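Two complexes come next, and they have one chain in common, chain A, joined by chain B in the first and chain C in the second.
So, the complex of A and B:
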């Protein structure tokens, strides 16, 4: 088999790159071995939330500018021209590219009929299952409606489901009340309630996705709406754990009309329904552009000299060689399987590319344990989580000498070194922006 | 351990219906521990798609049954037969938890220790398998040939007599359905193999591939059929076993692997692409006067149990055929709902599942849907008929024969 562009990995980076290349008219194959990290993500687009020191950025664009100026090995710096480029130019180029890539992302989501709200010029705080918040800049309208600014000077009710262990509305309401003064918002009242979901009564160990599936059923949704109306006397805002898999926007609208209040979804930790929805949408947009996304294709080896000539792909019981002109490595880090531990050392899984920590150290001889701090939450995060492969400004993986390892290989997403998406809240932003650039570069 | 204590433990185990996990089952059980309870499997399970309002909580609850106490464990009977073995849950799982294997494991435990919990609707087929080694009661040979000839006539295809010989390259293994209910598949396969110039034989006496016995959990019959198959193939000395049934292909491949046997198992689609090759196959094709637009229903036992390359092959072959237009389904991975014996255990749910596939097939606008699996074919064909749909359904091999033999 032969294609123009072979993308390894079907997360946010891989699917974005695939869509861009397919939009240029290229024949694109995306190999997806199973489910990776994007499907486990919160489903909102964090571009830049914090500095490693804990400083909260007022906006994503501010974050990108500061990071691109101060942190030379960060992907946001590299896409702006890298270390060789003057800081001012680097900052300008980087911000320009981030804006372009995210504008393109929002448009692609519109094309599959989902609204992402927010802006790069303002970080909003969205509330999660434990009543705390995280900074983000673009999210589905169903979540955006519940950003903390909207909740100021109003009455909020956190609604839970009995038997759903991930989310305790009482705890959530309490911690939200505790945190609110720090956010400089004054809700009039914060309460909690429980809701019966038809079909899940009396059950324990309920999953978010089960609630979501019930929301998608029109009859069940109507009953949930009636239950909401009965249980809640008056409130300005109602927070629910999830709004559905297939039609969250419509479901929220239905519930809001029934309850006579603004209804919004909370963000959650994995497994998260919005994360699942995001992957499906990215996949659909890539497929609509003409890319072929194949699940059950596992890359097990590469045939390379100065270029990547072909990849060995395990498809069920068969191993096939697939050739392409250009390859994009978007294999993720630990959850996705792009990085792996081998005899106490950190390795890149597909091409055995050199792996570096964020300070530029080649990790060939550094034991993995050294990349972890004794402190559970160290300042700036564990080094392990910002380790990965180094790339040049074209996103080609590079060796110690700074030379591209293979002329026709590009990389995007969390396989890259230089950023700690857990501490920075920048994972989706880096994935989408580097995916976008890799897709453009792969198209020549 | 002292004898007295051992006896005491054994006594309790007997009383409580506890059996130890066999060494070969250990791997499957260990993989279950990896389940993160994320629920992604719930989004792809065909049963859940139609069972929105029931309290059945899907594939993840099947895996979690294994970790429960013994008394709870037997409750698995309520859910473990709600499975078509489509394998989509394992495919989407980031930990690759082998749910279909777990289902087989639990079903075999139920069969061995709590025979009374095995669905009564399985009895007829179970009896056939134990008595004849076949899923259906065997037909009289003369009647079988007559019925086959009748079907061929309707299809406008010639009849060629069976060949049974040893030391040939290929053994054609039709499986129970093509041998009994759908003889046109068996006959078409012979015609296709003739056209391909294959040196082939049939078995002197066909036995089931053992898939239905696996689905019921009848380990004794499984062992018997497995030994029989391996011995027969070794005696015939063939290099490749070619089948026309997705379920047979996947099951015989498992048997081959377990026995480390020195032959290959291939669906006829794989045989055409890998052994005949595009170039040679194209030379055999002649123009066909009738244009037809076709879509493919990919059987779970090929697409997921063997691998997605089978679906690619099936499309590649169709695209080579003159005057055939290929249309893709929106969701080409949908399960027909018949597998896992669900069509026998709960026909209502099974039929509700196929309804979704029928909608997809009709939306594709194809005149004919072809599928390389007799079980899927019957399921889809019946549903199309019931809906009075204009779309026709044909077995993949029968369709190939029709395009290769121009009247």
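So, the complex of A and C:
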């Protein structure tokens, strides 16, 4: 079997790269062994939230500029030309590319009929199931409507479902109103309520996806709307755990009309419905462009000399060899399976590329414990999770000497070193931007 | 600040098995008792063991000890039947040196196994052994097959404390003894600090029972008594599932014994025995401990290297101060120290040495001594009267039907709460949403958490871990922490700040055991944990945020 571009990994980076290459008319195959790590995400597009010191960026573009200037090994620096480039030029190039890639992302989401809202010039804070917040850049409109600025000087009600253990609206409301003063917002009132969802009454162990499916059913949604109307006397904003899988925007509209208030979704933890939706949308956009996305395809080996010649792919019990002109490694970090620990040291899983920490140390010689803080959630994150492979400005994996390892291999997403998406709140941003660039580069 | 009527007969220091057991016995014999634990019940030595209550197969050179252990196992099978379980074990004889050493033991263990209702030790061939446990190496020479009893050590400590309370004792965890009040040659009480409120107070009593395990020397020092112990560190490695069907014991690289025991949903590999000379609070599992254990058991179970380690665990044994012999040769028996006799200080007694399995007889002897000194005549009944939950019968299938819940879930609740299970299930009558499973690894329902918070001295998520195994499974709290924190906030009326901090503390406590040996697939599990709590919930910047506020 032969294709033009072989993409390893169907997360945000891989699917973006695949779509871009397919849009250029290339034959693209995406191989995914499982479901990718993007499905575990909160479903919003963080681009740049914090410096490792905990400094909160007012906007993603400010974050990208500061990072590109200060941190030479960060992907946001590398895409602007890397270490060799003048800082000012690097900053400019990088910001330009980030804007282009995210504009392209928003358009691609529009093409699958979903509105992502937000701006690179303003970070917004979104609230999650436990009533804390994180800075983010772009969100589905269903989540964006609930960003904390919108909630200022108004009445907010957090609505939950009894028996859904992931989210307690009472706690969420309390936590939100305790945190609000620090966010410089003053809601007029913050309350909570429980909502009956037809078919889920009197139960425990309710899953988010079960609520979502009922939202997608027009008859049930109408009843939910009526219940909402009955339960809530008046509010400016109503927070709900999920708006559905298939048609969240329409569902929110229906509920908003019934309740006479702005209705929005909270961000949540895995299994998160917005995370699931994001992957499905990225996949649909890539497929619409002509890419072929295959799940259950596990890359188990590579034939390489100076170029990658072919990959061995395990499909079911059979191993098939697939050839391509260009390969894109978007296999993720540890969670996605792109990086792994073996005999106390770190390895890249597919090509055995050297793995580096964010300060440039080759991790084939450093014991893993050195990359961990004794504090469980340290400011700036554990070094371990900013480790990955090094790439040049074209996103080609490079060796210790700085030379491309294989002429036809590009990499994108969290397999890259130099950034800690957990601490920075930059996961989807880096994935989409590097995926975009890798897709362009792969298309020549 | 105390008048005589406030004076206790006994102040028990230490809420491990020996302390909680002593408090129970004292209270049952009508003594006015207070139990003080500086952290949580079972959070020290008792809570860091594998839970084995051995009939004493390791001590065949000490026949008295074997007899004593066996008798205690028989008692525990009655008084704590719901938290005792049986595990078949294969001792794999791995080489010639091993073979020689094993056959030279003096005591015939079989005469004791029958007493416990256990199978006798049977020598079996390599082939038979591999049939029973396919993960065994085909290079072993011979094997011995027998079985031992195990207990949930956390619940054992808590149930003793609970029983003490039910018999009138005052029971306090998170209350640290910071000084011993001594006047002349007599100890009159202790000064304590409530760790939750920071308040200090004095508590007076006729006797201080120093049951602080490895911290016994520290309490004695507060009474100006010099009491050195031999402190010995035992480390364990915990795996993410039941790797073997039976327990496996084999000779370690240095000639001691190591074991691999399936334990609830995990497997425990232990243990090391290194003497330590520093502060027992600082004892930690080291990389060498882990390598020693894995390299040793690997000879019998070669696939162990591929298994996923979820965490490490470490405890300190308070051994008798006997030196010039190896830890294995040292006795595991205990000594009851009457400091009036030994040091000329009245009003204080203490333990040296001891083991989980004999905690009850230790407590009995100490209570005998105190009663004798107080001139109280009362019989010990701790071996007859069941601990809470062991009083009645368990009918999992009946309850599953009655409360419309899975038998699996009820089975788990019953394995912790025995005949008190319906009290938990009743909570779901009014609130069916309490049927929700908060910790899916260990099948912990919201109802059980709430019951424990109301009735079992639990005040934090870490306490719930010890009570109901919350967050003890493969995901190590990744998927239950964010659900559990809202339950505890509601039940204990915590502020959101307190609840978030509680969740961070819980994660921190898990991290302490994880960060030593983050390997293989557990690295990706941890990435998810970090992505949820630092990434989405923003806990890495949250602490700053509350301070600003």
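Brief remarks follow.
Just so it is clear, the second predicted complex is superposed on the first by the 444 of 444 C-alpha atoms of A that agree within 3 Å, B and C clash if a C-alpha of one lies under 4 Å from a C-alpha of the other, contacts with A are read in each partner's own complex, and residues count from 1 in each chain.
Heads up, the rule we're going with is that contacts are C-beta pairs under 8 Å (C-beta built on N, C-alpha and C of every residue); 3 or more make two chains touch, one makes a residue touch a chain.
What you are looking at is a predicted structure, and each value in this text was computed from that prediction instead of being measured.
When the shared chain is aligned, chain C comes close enough to touch A:378, but chain B does not.
After overlaying the two complexes on the shared chain, residue contacts for A:217 are found with chain B alone; chain C is out of touch.
Once the two complexes are laid over each other on the shared chain, residue contacts for A:181 go to chain C alone; chain B is not touched.
In the superposed pair of complexes, A:233 makes contact with neither chain B nor chain C.
A simple residue count on chain A separates chain B from chain C, and the partner touching more is C.
By the touch criterion defined above, A:365 reaches neither chain B nor chain C. With both structures placed on the common chain, the touch criterion links A:425 to chain C but leaves chain B unconnected. Once the two complexes are laid over each other on the shared chain, residue contacts for A:270 go to chain B and to chain C alike.
In the superposed pair of complexes, A:335 makes contact with chain B and with chain C alike. Touch criterion not met for A:86: it reaches neither chain B nor chain C. Judged by the document's definition of touching, chain A residues 40, 203, 205, 270, 335 lie at the interface with chain B and also at the interface with chain C. Listing the residues of chain C that touch chain A in their complex gives 287, 428, 432-438, 445-446, 482-483, 485-487, 489-490, 495-497, 499-500, 504, 507-508, 510-512, 515-516, 518-520, 523-524, 526-528, 530-542, 544-545, 548-549.
Of all the residues in chain A, the ones that touch chain B in their complex are 1, 34-36, 39-40, 198-200, 203, 205, 207-210, 213-214, 217, 220, 245, 270-271, 276, 294-297, 315-318, 320, 335.
Residue ranges on chain B touching chain A, taken from their complex, read 36-40, 42-43, 48, 52-55, 57, 60, 91-94, 96, 253, 304-310, 312. Within the complex formed with chain C, the chain A residues making contact are 40-42, 50, 54, 56, 128-134, 162-168, 170-172, 174-175, 178-179, 181-182, 202-206, 267-270, 333-335, 337, 340-342, 344, 368-369, 372, 374-382, 384-385, 421-423, 425, 427.
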